[in-house]
Amino acid sequence: MESQHPSSHDDTCNPGSCRKSHHPEKVKNNLISRLNRIEGQIRGVKKMIDNDIYCDDILNQIAAIQSALNSVGKILLEGHMRSCVVERLQEGDLEVIDELMITIKKLMK
Amino acid sequence: MESQHPSSHDDTCNPGSCRKSHHPEKVKNNLISRLNRIEGQIRGVKKMIDNDIYCDDILNQIAAIQSALNSVGKILLEGHMRSCVVERLQEGDLEVIDELMITIKKLMK
Amino acid sequence: MESQHPSSHDDTCNPGSCRKSHHPEKVKNNLISRLNRIEGQIRGVKKMIDNDIYCDDILNQIAAIQSALNSVGKILLEGHMRSCVVERLQEGDLEVIDELMITIKKLMK
Amino acid sequence: MESQHPSSHDDTCNPGSCRKSHHPEKVKNNLISRLNRIEGQIRGVKKMIDNDIYCDDILNQIAAIQSALNSVGKILLEGHMRSCVVERLQEGDLEVIDELMITIKKLMK
């Protein structure tokens, strides 16, 4: 709850300023390579539509992308909870729960 | 939509060979422009991760992409049902239901 | 496929009157026993809440019920497609697709 | 937050023993009445199946139950986060995140 975070903290979680993520490099690389693959899949679907590929095959590809995107969401959510949510709660900032619930509800819909 | 398909059309829906989609140009353009937007959103998320943008903002973007992708899936599914599924069923090819159920189950999971 | 449905048919699928389901007895029994189990699970959750059982355990039970209910939905959808949807389409009633898409969109949301 | 919980507290959240929920009476009543309604809906679906009601109507009812159950899950999850998760994190028990992530993944699937 104390507000004198030293400057080295200004990119990490503290009440009011927890506006940056800080995934370890390994997690970041994992996420980026998953997103690169998803981007390629989206481009693939565009080509399939352009080439009149059979819809059922395209729909299966869409289901695969949804599942890949869902995995990215879970990794991000877990990272968020383990860093920012934990730190803000430990500092007594309960508003992080309001924000988190709004986000989880969107992801659960 | 006229019924005198020249031979060049034997790649459209008929029992056994319904292995092409045939969305009207307007639907195709709609799908492609939605997919372009999704591709841009994916690239945006990669940039957000690279720049350590706050996770909660990224998660909200992920939820928006999921919803956009879901819409693409529904448009494709509807087009598929109105063309290929209808034609194959009207020709007595019930196997199209087996295939459709497998796909819908993936999309409903 | 003939269109002169005798009166004994008026509870099955034909254009305009397909307002009854006709699952085989075996499927019906399967569905009823699944729904009995789900009803028991709902009652179990009420007891858990009454007895202040740990929320995480209740949430896991909720996830199990969702999955069981999803299975019931898939069995019903498959039965619906294999009977009513097929018959109405084979009789040229394309409106069944409008109706089916509305329902599938609700189940996919 | 101190560790000498008087005996009256041994059913609430503290490291290791947070094995009880403690929803306020008002939330409990809300949840129970939602679950009563869901139980009634499940019984209604059984009657619909018994009476060969049109599948599409039953499927719409299933979608409504899924949505009602989803709401119960969100209320429970929010209550869980605001009580037990917050308390355990403030006491430094990070394992609650492992458990919570497993549960959220089930609810998000």
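Chains here go by letter, A, B, C and D, matching the order in which they are written, and residues are numbered from 1 within each.
Simple rule for what comes next: a contact is a pair of C-beta atoms (placed from the backbone, for glycine too) under 8 Å apart; a residue touches a chain by one contact, two chains touch by 3 or more.
This structure is a prediction, so every number in the text was calculated from the model and none was measured.
S.K.: Between subunit A and subunit D, which partner chains are common?
M.R.: Chains touching both subunit A and subunit D: none.
S.K.: Approximately how many whole Å separate the CA-defined centres of subunit B and subunit D?
M.R.: Subunit B and subunit D have C-alpha centres separated by 35 Å.
S.K.: Taking the mean of the C-alpha atoms as each chain's centre, how many Å separate subunit B from subunit C?
M.R.: Roughly 25 Å, centre to centre.
S.K.: Going by the touch rule set out above, which residues of subunit B reach two or more other chains?
M.R.: Answer for subunit B, listing residues that touch two or more other chains: 70, 73, 77, 100, 107, 109.
S.K.: If every chain is a node and each touching pair gets an edge, what shape is that graph: line, ring, star, complete or other?
M.R.: Its topology is that of a ring.
S.K.: Where on subunit C is subunit B touching in the complex?
M.R.: Residues of subunit C touching subunit B: 70, 73-74, 77-78, 81-82, 85-86, 89-90, 92, 94, 97, 100-101, 104-105, 107-109.
S.K.: Touching residues of subunit B toward subunit A in the complex: what are they?
M.R.: 18-23, 28, 31-32, 35-36, 38-39, 42-43, 45-46, 49-50, 52-56, 58-60, 62-63, 65-66, 69-70, 72-73, 76-77, 79-80, 83-84, 99-100, 103, 106-107, 109
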